[in-house]
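Take a look at these structures.
In what follows, subunit A forms one complex with subunit B and a second complex with subunit C.
Then we have the complex of A and B:
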């Protein structure tokens, strides 16, 4: 590897740990005009502020925003050297104006163009799982770039993507490994590749690759720990870091997101440290009807974690839906119901076997005669019954399973007596 | 280790309706390991217990409901059940699925499957509550809608009782009818008529048991990875926002949106039917099936009505293929199908067929009880649908499907868009060659859910070429078979793959599947077994075909202009890849390679 390429490689990767946090902000030309594209200048500024090691821009944006990367400690510039239309195909289509049916891919800049803009690397796609013709042409493009990069000392990053019809879950990891090898054989210095979903399979890919491997993140999840956990796993598997696009550029605070990624990739911090789950003192639950889809995952998980095999019969959170009384109200809305400490069961228990403490109802077992009155009298129907005993919500020791399980944040956890919601 | 600790219930319930008898047998472990559950095991049960050549509407036809190892766990989309029987439409095996909690309830009651045979002496309801199995008179439920039936039975048997039922369409024996569970339906292939022929109005299940997975920690980890994959998926996000309608624009642009009975592949009013328009004008809320984080289902709300927001297939069948772009008419038609228990795909396809019969002068309004079925006339569409639903007048013939109807009008077979009697779904075969192959070859007839590589229309391959499609179909077919055996919803495959499914199934069951490929092999085993079932019922290569419109009528315009389907070379290649002979029959070597020879003879050879 020539000196120029070597220097540029370690402009991207931190020489202390050989890793990098890169942010992809090149979506503008392939996707629709979403806020992360419209506000690119501001977002790039924040990514710089957050301390990313490198930032990926399209050629045009590199020309315009290159000035934001002036300075000694600013991110390295990676330039997108090719164009493709995969985000406008089918299922990945992000609802833009003109959907397209067939994959098209071509080079739009030379490595020299990128070098002229002060880039440290170019990046190019390698599409796998399509027909042979597409793959062959694509590989030829990659090879041409790799050779040009070698001549001028630019780092060549190849990005294998396994999105063609011949890819299924049974072969996806193998296809990506094959793609990684093809890229390396053709001259890639670094790979940008989708995280395969778990540590074990990504480790196999990293070991097969020989060159530094940066994990891609994919679509932005609403759960902010998902991206961070994915990166932590990629590092655990031997990856050299990450290239996140939407997970950073669509985050409410891109600078903080970058700082969190840097903490994981360069400082070895754990996700639980960076995003501690607030443990309020005594908690209560709250159900939100307009978010509930009736999926019952709260009930299923409640019954599961308490050892009832997932049968909602034993759940103490109940999804209530009004019984439609007419055919034309065939569908219904759903309300999560949970214990509100209304005290009715305590008052109605003929044996005085119930009391409230620590934000929940407690049963004095010796006093219970299984009369079932509490279950019947509960106005919300959230007391379960099994093995001759009523079952009350125990708030899962402060970490309610229903809150964790709900995909819509329709059940949240609050500090008892006010405070903000944590879902 | 007992099956009950491998996430199964471990038992199969056999019910004979008259004289009434209920008996329980243990589920065989070797069968569970080789065929997984759901579709796989139900197909095996059918193979073993169904007398070949039985009348689909007679006492010997087995109607099987069941679930898979993931049913009853928090695996995403686990709220789903399988139905296997002989189809009156195709005369071959039918496997059909529906979202809904019935599979869970049956499993909590202690049964992985219930195999129902016989015909009840009077309209009846089968009630399964743990070990208590009884047959109750259906009384006034017979003749009533599915929602009324379900409401009433849940009031009687408790909120945790789950119900599957047929509507009046199944009662009169329409081959377009299915079995309804809440807002979902196991729709295709006439299962409603089978249940109706047994005078079975509904099955109620309630149970006090639970599901124990083999390795809870491993399962929790698999669950974490699966749920994360779904959260980080842009197709799943689109599905959640716009339901299946999210692909309508893409299919229209590809020239594959069947319009006016497949005469065209693009609809001039398609824009009115884009997901964004439904969201803005009709839908008020997202709703999910049990255990599902995708919530593709929608509520259509207006003036106090709260109805099912129709999905893409329904928007094609009761919309574009009839030339209709009126959203609320489609909502109303969908609602009629829900209440009467009809498959929207088939019902709408048949109405579109009738509209073309009228266009071409095969029928007049006098033949249609005075209805004038002009293209785009929503009132006419609703009127014809009502006839089918109630089995009145021309509805009695239409309710037997497009193939049956075309037999009354020689020459019209060319544009009866069905295979093996099952009406085509929402992708034009001339514009999607891999899907065309799936239509021709799928076991239950023209189907998009048994491995049709819809990805070819969504950018994964060139839809207009036949090259390479048999292999692409083969791998997607086996993946679909595994999903249908787990039992999960097909939509998970837009965000998670067979790899994530494997990461759930291994800790759930403890079966020795060393890698995801082992599941692909299992999926092919199931497809091969299903093929054997069809061969046994007399279906041959001749049934793996397409109507003349697909084979010999070039598309008039659009991106697929000039295209027909060159089917035979694809079928040759597909049979070869599956290890079947030139007639589509699995060879002895093939059966051995899948360990089916032993399984079918009562023992497993390893």
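Then we have the complex of A and C:
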């Protein structure tokens, strides 16, 4: 690695631990005009205040907001050197101002342009799972950037994304690992890549890459702890840190979110130390998208064990499958959903008939007026309803029927705040 | 740093923070031929340049009639860098079968012509290839405009079949967001509804100019335009179709701009 790259790499990675907390704030360049785009200046200021190691901006915003990054301990500048329309694909998103149907991805700058702005690195996408021509063209673009970065001493970060038609829940991990390796083979110095869902598979990805791997967060998590746990698992797997976007820029307090990430990535603190578990319980469920085949045995067994004749309508575990996306032409991906104790039902119940204890939601039957609000408001749709009463997951007394029924181990049982209770 | 001050000085030749500007876009004859009021190339420059802060011309006229500008006393020359057949109606002598947008000049060319700024179109609402190529072209122009220290204005036009009337304001916001992130130095937009405009004015670090295409639009939208200028828009861009009887139109637009600036 040449001296320029070496110097700039350690503007991004903390030299003491080789890790980084980076924030992606380039969404306005590719997706709708959302509040985190409209208020970018304030958010970037808070990211700086939180102590991020680097921040990713578009070239235009880098020119205007770069002044916020002046200083010895401020975030290094990462510049997005390409443009794509992936967030606007599909017509079902009502917030999509001008929907697009087919992926387009183009280089819009040179690495030299980014270097001229004072950047330490550029970031470019590598889309996987689309047609052969798209993949080859995209890889060639990545290779061209990598070679220019080599010549001028700029760090090249490639971001493999598995989103095309060939990507399924069954192969997404393999696609990401392959993409990671492809990126390194063409010259990536660092990867920005989705977390694969579990420590073991992400470790395989990290080992296949042999360059620093930063896990990205994707859409904003329902709870900050979910996002932080993702980072903790990425670090456990050998990852070099994170590039979080919306989980920081859409957070109520971006500076605090960055501080929490720094505590996990650089200080080795556990999520429970930062965000103490407020809702005690013994076990919790975890659904694994990459394993789920959508067979519905979990739903059927749940309803069977609870005396509802195996009718999935009355199950409190649900297999979620998005509508087939014409834009991506992707095969169906299934996600097992279960109660996460998000507390929404408790907060929304107008009668105060719900409370959380022992890791589950409890109903005070005499208070319930069968208004159905908890069912309607549940963000995951995992509250069933029968005989004028909501039905909540009771974890089957510690031996969940869904876990027992799943032939793919796509729903597992964890000790709350600890290791894998399923052994 | 030199590029930054260069852009600042050139931008100030037709607009400064806290002021309002009247720009005139006389480029449509490039697609539609001699429009009413714009029949004479030399005449249009002589007639319009003293009436506005900036005059947008295609590169050929900007070069040929550079001597007809009134220096510091008249409009600054702004050069349009691209051409499109979008304004052609179906009954035009050369009816369009597909929308086209091609480059006419680069920021470097515009600088050599003596322009104070360059203008490039972002035509939204068309297919993926068209949009991607348009955005890529503007992004590359932005990079070049930095190198040559020439301000680049983006002209956001909502025209394609993907534009839904119910999402018009969101589409304008998307266009502005894209152009800010691309690195343009000013943006010309159609007038959005007040709440959407307020959001844009809070967000945009670059001046927003409002496009008025016809004299009727100016007449009907006078109150809304005045309010938008008072809210923080940088000025008005009068389109070629409004110049058939340029005198009253420019008087009215000038009065709006003057009132907002005072």
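We adopt the following convention: the second predicted complex is superposed on the first by the 273 of 423 C-alpha atoms of A that agree within 3 Å, B and C clash if a C-alpha of one lies under 4 Å from a C-alpha of the other, contacts with A are read in each partner's own complex, and residues count from 1 in each chain.
The rule is short, and it goes like this: a contact is a pair of C-beta atoms (placed from the backbone, for glycine too) under 8 Å apart; a residue touches a chain by one contact, two chains touch by 3 or more.
Worth saying up front: this structure is predicted, and the values here are computed from it rather than measured.
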Which superposed partner A:295 touches (first subunit B, second subunit C, both, neither): first
Contacts of A:222 with subunit B and subunit C, given as first, second, both or neither: first
Contacts of A:44 with subunit B and subunit C, given as first, second, both or neither: neither
First, second, both or neither for A:52, with subunit B first and subunit C second: neither
Contacts of A:177 with subunit B and subunit C, given as first, second, both or neither: neither
First, second, both or neither for A:86, with subunit B first and subunit C second: first
First, second, both or neither for A:410, with subunit B first and subunit C second: neither
Touched partner set for A:155, first subunit B, second subunit C, both or neither: neither
Partner chain in contact with A:102 - subunit B first, subunit C second, else both or neither: both
Set intersection of subunit A contacts, subunit C complex versus subunit B complex: 95, 98-103
Contacting residues of subunit C [partner subunit A, same complex]: 124-125, 128-129, 131-133, 135-136, 139-140, 142-143, 146, 162-163, 167, 170-171, 173-174, 176-184, 199, 202-203, 205
Residue ranges of subunit A in contact with subunit C within the complex: 26, 28-29, 32-33, 37-41, 58-61, 63-64, 83, 85, 95, 97-110, 113, 116
Residues of subunit B touching subunit A in the complex: 72-74, 79, 101, 104, 108, 145, 147-148, 151, 155, 160, 183, 207-212, 225, 227-229, 231-235, 237-238, 247, 249-250, 253-254, 276, 285-293, 295, 299-300, 304-308, 335, 338-339, 434, 453, 455-463, 467-468, 471-472, 475-476, 478-479, 493-494, 496-503, 516-517, 519-520, 559
List of subunit A residues in touch with subunit B within their complex: 86, 88-95, 98-103, 129-131, 163-173, 196-198, 201, 217-223, 226-227, 229-230, 290, 293-297, 300-301, 303-304, 308-314, 323-324, 327-334, 386, 405, 407-408
